[in-house]
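Presented below are the structures under discussion, each in the form of structure tokens.
Next come two complexes built around subunit A: one with subunit B, the other with subunit C.
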Partner chain A sequence: MAIEFVEVEKVYPGGTRSVRGVSFQIREGEMVGVLGPSGSGKTTVLRLITGLERPTKGDVWIGGRRVTDLPPQQRNVGLVFQNYALFQHMTVYDNISFGLKEKRVSQNEIDHRVRELLRFMRLETYANRFPHELSGGQQQRVALARALAPRPQILLFDEPFAAIDTQIRRELRTFVRQVHEETGVTSLFVTHDQEEALEVADRVLVLHEGRVEQLGTPEEVYERPETLFVASFIGESNVWMRPLQNGHVEVAGIALPVDPSLPDSAEVAVVVRPKDVQIEPASADEAHAQVIRSAFKGAYSACWVRTKDCEIWEVHIPSTERHRESAGTWVRMRVLKSFVFPR
Partner chain B sequence: MSRIWRISGSAITYLWLLAFVGIPFVAVLTGALAGGWRPFWQCVTSQEALFALRMTGEITGVTLLVNLTLGVPMAFWIARKTVPGWRMVQWIVELPLAVSPVVAGLALIVVYGPNALLGRLLETVHIKVAFAFPGMVLATVFLTLPFIVHETVPAIRAIGNTQEQAAYVLGASPWRTLWRVWLPQLKWSLLYGLALTTARSFGEFGAVLVVSGSIVMVTETATLFVYQASVNSELQAAYAVSATLALASFFLIVAMQFLKRVGGRSLRGH
Partner chain C sequence: MRFERPALYSLVSGVLVFIFVLPLGAVFEQAFSGGWFSFVQAVTSPIALRAFELTVGLALLTAILNTAMGLLTAVVLERRRPPFSIALDAVIDLPLSIPTAVSGLMLVLLYGPASPVGRWLSQHGVTVVYTRLGILFALLFVTVPYAVRTMQPAIQALDIRQEEAAWILGASGKRVWLRVILPVLRHALGSAFLLTFTRAMIEFGSVVMVSGNKPMHTEMAAVYIYGLLENYDQRGASAASVVLMMFCAIAFVIEARILALLGRARAVACTKAEGETRYV
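Entry: the complex of A and B
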């Protein structure tokens, strides 16, 4: 089901403004990663979709129906909690069948569906175990099975992998994506891990201080960030504040192109990704900067250079190029791509 | 050296048990059975004793029901801290732990007595509170409500509210969530609280004495009977009913130990 937020605002009792006039549309069958630093309102957005929170202002639509005042019981939404929130007194089987029982599905059907999910989640041998007898990854899969059992129209994950080891987190991430592809259900997951969001999501919703900064594909938010926040939050970046002069802006003695609509002599923020800078050795007079340190990082080498204005830049050189500049080398820089935002 | 300490430590414990539990318990039993089973049985089954024991049983039963229906919502109210007034509720619930039962009983007479406004008002609709069954239940409820609340508040807080929210999202109404998610997990705390309530109701004396007026065959409970009998030097009767109460308490203690062990095990599982 499609999800739409129209000017949604959420003020908690006590006056904390968690979400401030948020509008966005999520298409049917999409998998969207909700990304933002802590306190950006991402969990609130999720809870507004479930109905566990009601908006102070604005409307929430699910599948073309206004659900703003609908209680969570009637929204047919699946939610996987951050700490799973499994029913501790129930077996894996009973946890998964919980929602089906509430829907008054026949016993036969319940059994069929639960067995199917146990198989799908590779949990068959754990049906009679209690949650505290399972590992974190297994509990996570039970939580997912429990959410999927009543065939929700929307599946939501609240920081689903936060409490799991790196290795298993990778596996689960792939698994969740696989589940999404097989069920085709519209899914949202909250995360503060951008790598996770970029890897798993069809589109990423970037939130900051309770506002939508951008909603776009991973490529869009990375290659065409719409705001300074998105540019600096997603991926590594060098950020410099500069005044605009005669329609261009200069960093490290390199003139960069600027959107002509920006007013002259305004302060702007210049963002250059480390991968968008090329360096080559040059004589001290011609050079822009001097290498301070470089480090091998697998797919690329990171190189820190100091410009003549004493600013430190991070530059990434693909490992295929094989040349690592040693500390002290003078280099010329070429900026392949940059973003300029009004302040 | 440490061995000597250990041995003397347990020796003190056993002596203490002997002095304060064992010897009095045996004394009551021997006192009750001094003349053999027949007089004991006659005393316990005398009309007055039976009435008193039944009265105690009835008060305990009603108190348990009232405490369960009042105590659970109050425990949630206090544990959640979201609905205003929880501090007030907590204060009211903890009050009986500090107030003397006799004072509590007197307070009820002052409010519900035949000369008080509320008491007279209720009497016009033929509800008698003071010197009657409702007043005795009221006094017992007031004194025992803390037990169930005290036992369940920490359990509610430990469980948190995400399981409840999970149940809501899965389609369960608040009522269904109480039955399927909360009560099964609060079961042991509730049972323990109820056992404490029962023990206190069996033994309650001061408040019930003041509020009931201790009228023979009308408002006399088992403890009031024991008191009255001993004052009247009917020691055989006093011993017999005391022994019955003591036996009930003994089984209650055993049950509570069992609850603690089983409940503790299921809590550790979390």
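Entry: the complex of A and C
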């Protein structure tokens, strides 16, 4: 089901303004990653969808129906909690069947559905175990099966991989994506790990201080960030503050183009991704900067250079170019792409 | 075993022997001094049987009511946190710091025929003082802190996200209590029940004030024992004491088993928590 937030605001008792006028639309069948630093309101957005929180202002719509005042029991959403929140006193089987029993599904149907999910989650042999007898990855799959059992219209994940070690994490990520593709249910997952968001999501919702910064495909938020926050939060970036002069802005002695609509002499933020800078050796007079250090990072080499204004830039050189400059080399820089944002 | 500190060990065991082991032995010795037959005869006299029946019955009723009360009070204190919760929290411990005889006296004064409350109640056919209802009131008052203080940590330890998960899965508030909260609280509830039961069984001070001690009607076991001693029937008093202690011992053993279960559950939760932090 599609999800729509219209000017949603959430103020917690005690005055913490967690979400401030958030509007966005999520399409049916999409998988959206909700990305932001801690305290950005990501979890609150999720809880507003489940109905565990009600907005102070604004409306939440699910599948064209206004659900703002609907309690969680009637929203037909599934949520996988950060620490799974499995019922510790119930077996895996009883955990998964919980939602079906509450919906008064017949015993036959419950059994059929639970067996099906156990198979799907590769948990057949664990049906009679208790949650504390399972590994973190297995508990995660039980939590997912429990959420999926009543066939929710929307599936939500709160930091689903935060408590799992790196290797299993990668596996689960692929698995969750696979589950999404097989069920086709609209899914949202909260994360503070941008790599995770870019890899798994169809679109990424970037939140910052309770506001939507951008909602776009991974490529869009990376290549065409709409705000300074998105540009500096997603991917590596060099950020410089500069005054605008005669329709252009200068960094390290290089003039960069600027959106003509920006007012003259305003302070702007210039963002340059390390991969969008090329360097080549040059004489000290012609050079823009001097290499301080470089490091091999697999697919690319990272290189830190100091400009004549004593600013440190990070530059990435693809390993195929084998251009590892040694420390002390003077280099000329070419900025292939840059973003300029008003402050 | 280490015996590097003989003085310390002698002191501890000496005190234990003189104030605990030997007196307990003396009661048993006295109880069976006339042989099994006279022991059985002493504890099966109609008055004794009635006293035990009344004591067990009222203690059970107290345990049932106060376990429920303990649960509700703990929920109010830990979950609702009303503005008066600090005052409530302090009041809960009051019965522990008031001499039990004074607790009984308070009830006699409030519900006695001399007070307006007592008069109003008796006009409506309810007599509290010198009746079983009065004893129940006294037992409820004296045991309430045990029930509340047992339930509080259990309510605190509840994982609210499990309740939220249940709501999202379609369970109503009532169903969440039935399927998620109460099963998790079962050990704590059992523990609170047995603790209040034992405490009610052995209560003397408040009961002696409020019950009127009519044999076959309002005479509780502890008061019955006291009465026998007053009449120089040491053997009978001892025999009744042994029976009373048996009831408490049974409750105590079950209680200990529950605590061991609780301890194991907690240990599992702890190792799990450690596991999780290792992952993070």
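Quick notes on this one:
One rule holds in what follows: the second predicted complex is superposed on the first by the 343 of 343 C-alpha atoms of A that agree within 3 Å, B and C clash if a C-alpha of one lies under 4 Å from a C-alpha of the other, contacts with A are read in each partner's own complex, and residues count from 1 in each chain.
Heads up, the rule we're going with is that a residue touches a chain if its C-beta (ideal position, glycine included) is under 8 Å from a C-beta of that chain, and two chains touch if they have at least 3 such contacts.
Because the structure is predicted, anything quoted here is derived from the model rather than measured.
Look at subunit A after the overlay: subunit B and subunit C clash there. In the superposed model, A:146 lies in contact with both subunit B and subunit C.
In the superposition on chain A, contact of A:136 is made with subunit C only, not with subunit B. Once the two complexes are laid over each other on the shared chain, residue contacts for A:120 go to neither subunit B nor subunit C. Using the contact criterion defined above for the overlaid structures, shared-chain residue A:77 touches subunit B and also reaches subunit C. With both structures placed on the common chain, the touch criterion links A:175 to neither subunit B nor subunit C. In the superposition on chain A, A:61 makes contact with neither subunit B nor subunit C. In the superposition on chain A, subunit A positions 50-52, 71-73, 75, 77-79, 81, 83, 85-89, 98-99, 102-103, 132, 146-147, 150 are in contact with subunit B in one complex as well as with subunit C in the other. Only residues 159, 162-163, 165-173, 176, 180-181, 184-185, 266, 269-270 of subunit B touch subunit A when the two sit together in their complex. Contact residues on subunit C toward subunit A in their complex (touch as defined above): 159, 161-162, 164-172, 175, 179-180, 183-184, 268-269, 272, 275-276, 279-280. The residues of subunit A lying in touch with subunit B in their complex are 50-52, 71-75, 77-79, 81, 83, 85-89, 98-99, 102-103, 130, 132, 146-147, 150. The part of subunit A that touches subunit C in the complex is made up of residues 50-52, 71-73, 75, 77-79, 81, 83, 85-89, 98-99, 102-103, 132, 136, 146-147, 150, 162-165.
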